[in-house]
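What follows is chain A paired twice: with chain B in the first complex and chain C in the second.
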Partner chain A sequence: MKETIQIIDNQSGQLVDAEIFDEVALAHFIETQAEWRPVVLEAARALSKSPNQATLIPRHYHWDWTRKEAELKMLALKFYGLSCEERLQGIMKVETVARSCRLPEQQGKPLVYIDYIETAPWNIKQLMVPLGKAQQYRGVGSRLFEAAVLQSVEEDFKGRLGLHSLPGSEGFYIRECGMTPVGRDPHKQNLLWCEFTPEQARRYLAGE
Partner chain B sequence: MNPKRTMTLNLTDQEMVVLEELSVQKDLSKTALLRQALRMYQLVDARISRGEKLFFEDHEKQKAELMVL
Partner chain C sequence: MKFNTDRKWLERRADQEDRHFISVGGLISTLDPTCQTELESTQSMETTKTAFARLLQLARRERRLSLENLAEKADVDLAELFKIETDEAFTPNLRTVHQLALVLDLPAKKLMVLAGLLQVKDVSLQQASVRFAARSEPIGNVSPEEHAALEEYVKFLNER
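Take a look at the complex of A and B:
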C-alpha cells in the first residue's frame, strides 16, 4: 500500500504532497537511527540544561526502531511510514492481534493497538525551539493516526483503537483526536490508556 | 488497501458453529476472525521457535504452559 496524502509545510502554511506506505523496511529503521536520533538527543540535551524545560524532554529519546527488524515479517504487526521529499517524516507500529477494548461498552472486542508512533524531530516544535530551528511539517502524527483508524476499519474492528499515551501526548489524543481516556495502566509504566469507539472513529474520519 | 486473494474453506458443522459463535462474540466477520487466528498462530509459532514459552495464568496465579504444535 502506498497512497498520496497531504501534510502542512509549517513555513508556508501550504498543503504539500506526502506518501504514506506500509512496506516499511529495515532501511527506514536505519534512517530513524542515523538521521532522527542525533537530533532528538541534541534537543534533549539542550532541554535538560534548562530546569523549567526539563519536563519537555521527549520520553522516546531512546527508541531504537532497528531492534524491530524481526517483527517486519509478522502478520500481527504492521508498520507504516510517511515520507515527504524523499525523507522519512514519521513511522508507526500497530498490533492487530490479541489486544482488546477496556471501555465497558466494548470490553473484550478486538482493537488495533498503536504500539509506537514517532514523528521526525524536525516536525516537533518543542524539540526545534531549543535548537533555534523552525518546525518543518505539521500533521504527520495525525496522518499516521488516521492510517491506524483505517486499519481498524479494514480489520473489521469498526474503528476501535487503543494506545498507551506518553505524558506529553495525552492532550493530542484526547482533545485533538477525541479519544476517551480510560485510566492509568499500572502494567505499562502507569501510562494513560486511551480508546476509540466505532462512533468516535467515524467522527474522526469524517473530520467532525 | 492491500489486494486480497480468495480461497474456499471446508469446515465441519461443529467448527462452523464455533466460528459463528466467536464471530458474534467478537463482533467480527468470519473472514476477519480467521485472519486473526492465522496472525496469532504465526506470532505464537515464531516466539516458540525462538525458545520462548507460552503460559496461561489462572485466578490463583497458577501458571500452565501451553504446548503449541
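Take a look at the complex of A and C:
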C-alpha cells in the first residue's frame, strides 16, 4: 500500500504532498535511530531543565527500532511510514490479533491496536519550542492515526480501535479524537486504555 | 484507503495535535533504563567537559600563560583554544588535546576523556570532575582555593 496524502508545511502554511506506505523496511528504522534520536535527546535535555515538562518526555523516543526487524515479517503486525521530500516524517505500528475490545457494548470484538506512533522530532511543536525552532510539518501524527482507523474499517472491524495512552496524550485521544477512556491497565504500566466504537471512528473520519 | 482530503479537517486535526504529545508507549521518567542511561551519560559528559575547560584555563593561568602564549607553545590554533576555554559544548580535536597535555604536563588520555574524545564509564572521575568544576571559577586570578583544587585534581588524574 502506498498512497499520496497531504500534510501542512508549517512555514508556508501550504498543503504539501506526502506518501503513506506500509512497506516499512529496516532502513526506515535505522533512519529514525540515526536522524531522530540526536534531535530528541537535544530537546529532552532542554526540557529536563524544567521538571514539569521533563515528566512528559515520551519514553518511546528511545525505542530501539533496529530490534523490531523481526516483527516486520509478522502478519498480525503492520508498520506504516509517512514520508515527505524523501524523508521519513512519522512511523506507526499496529496490531490486529492479540487484543480485543474492552468497552461493555463491544467487549471481545476485534479491533486495530495502535502499539506505537512516533513523528519525527522536527514535526513536534513541544520539542521544537525549547530548541527555539519552528516545527517543519503539521498533521503527521493525525494522518498516521487516520490510517489506523481506515485499516480498522478495511479489515471489517468497523473502525474499532484501541490504544494505551500516555498521561500527557490522554487529552488528545479523549477530547480531540473522541475516544472513550475505558480504564487503567495494570498490565501496561497503568496506562489508560482508550477505545473507539464504530460510531466514534466514523465521527473522527468525517470531522464531526 | 480513503483519506480525508478536506483542508479544514486536516488543519483542525493538526491544531489538535500541536497542543499535545500524541505518544503511545510509556514515560521516560519512570521506564526504560536504557534511555535514562543515555540521558545521564550526556549530562555526565557535559560535566566532564566543564571540568576540562576549567582545568586547562587554571593550568594555563598557573603558568602565567596568555591564550596566545599557550597556543604558540603547544602549536595549536588560537581560535580553537579560545573555543575550548569559553564554549563547554565544544569538542576539540585529538591533536590539540595531545599537544596541550604535553605543554601543561597533564595526563593525555585522561584529558581526552574529559574533552569527550574518549568514552569510559568512570564514576570516580565523574565525581572528581564535578568537585573540581564546582571549586574553580573560570575568570580572574588563581586564588589559593583554586590552586588547591587544581593541585588535588591533577594529582587525582595522575594517580590513576
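Structural remarks
Methods note: the second predicted complex is superposed on the first by the 206 of 208 C-alpha atoms of A that agree within 3 Å, B and C clash if a C-alpha of one lies under 4 Å from a C-alpha of the other, contacts with A are read in each partner's own complex, and residues count from 1 in each chain.
Quick note on the criterion: a residue touches a chain if its C-beta (ideal position, glycine included) is under 8 Å from a C-beta of that chain, and two chains touch if they have at least 3 such contacts.
Fair warning: this is a prediction, and the values are worked out from it, not measured in the lab.
After superposition on chain A, the partners chain B and chain C are accommodated together without colliding.
Touch criterion not met for A:L88: it reaches neither chain B nor chain C. Within the superposed three-chain model, A:K109 lies in touch with chain B and out of touch with chain C [touch as defined at top]. Contact with chain B, but none with chain C, is seen for A:E155 once the two complexes are overlaid on the shared chain. Shared-chain residue A:M128: touches no atom of chain B or chain C. Once the two structures are overlaid, the count of chain A residues touched is higher for C than for its counterpart among chain B and chain C. When both complexes are overlaid on chain A, the residue A:G139 reaches chain C alone and has no touch with chain B. In the superposition on chain A, A:I8 makes contact with chain C only, while chain B stays out of contact range.
In the superposed model, A:A18 lies in contact with neither chain B nor chain C.
Touch criterion not met for A:L192: it reaches neither chain B nor chain C.
Once chain A of one complex is fitted onto chain A of the other, the partner contacts of A:A98 are limited to chain B, with no touch recorded for chain C. Once both structures are overlaid on their shared chain A, chain B and chain C have a minimum Cα-Cα separation of 6 Å. With the contact threshold set out at the top, residues 1, 154 of chain A are in contact with chain B in one structure and with chain C in the other.
Chain A makes touch with chain C in their complex at residues 1, 3, 5-8, 15, 20, 41, 44-45, 48, 54-64, 114-119, 124-126, 135, 138-143, 145-147, 150-151, 154, 163-169, 171-173, 176-177, 189, 191, 205-207.
On chain C, the positions that touch chain A within their shared complex are 1-14, 16-32, 34-35, 38-39, 42-43. Contact residues on chain A toward chain B in their complex (touch as defined above): 1, 22, 70, 73-77, 96-98, 108-110, 154-158.
Within the complex, the chain B residues that touch chain A are 1-2, 25-29, 31-32, 35-36, 38-40, 42-43, 46.
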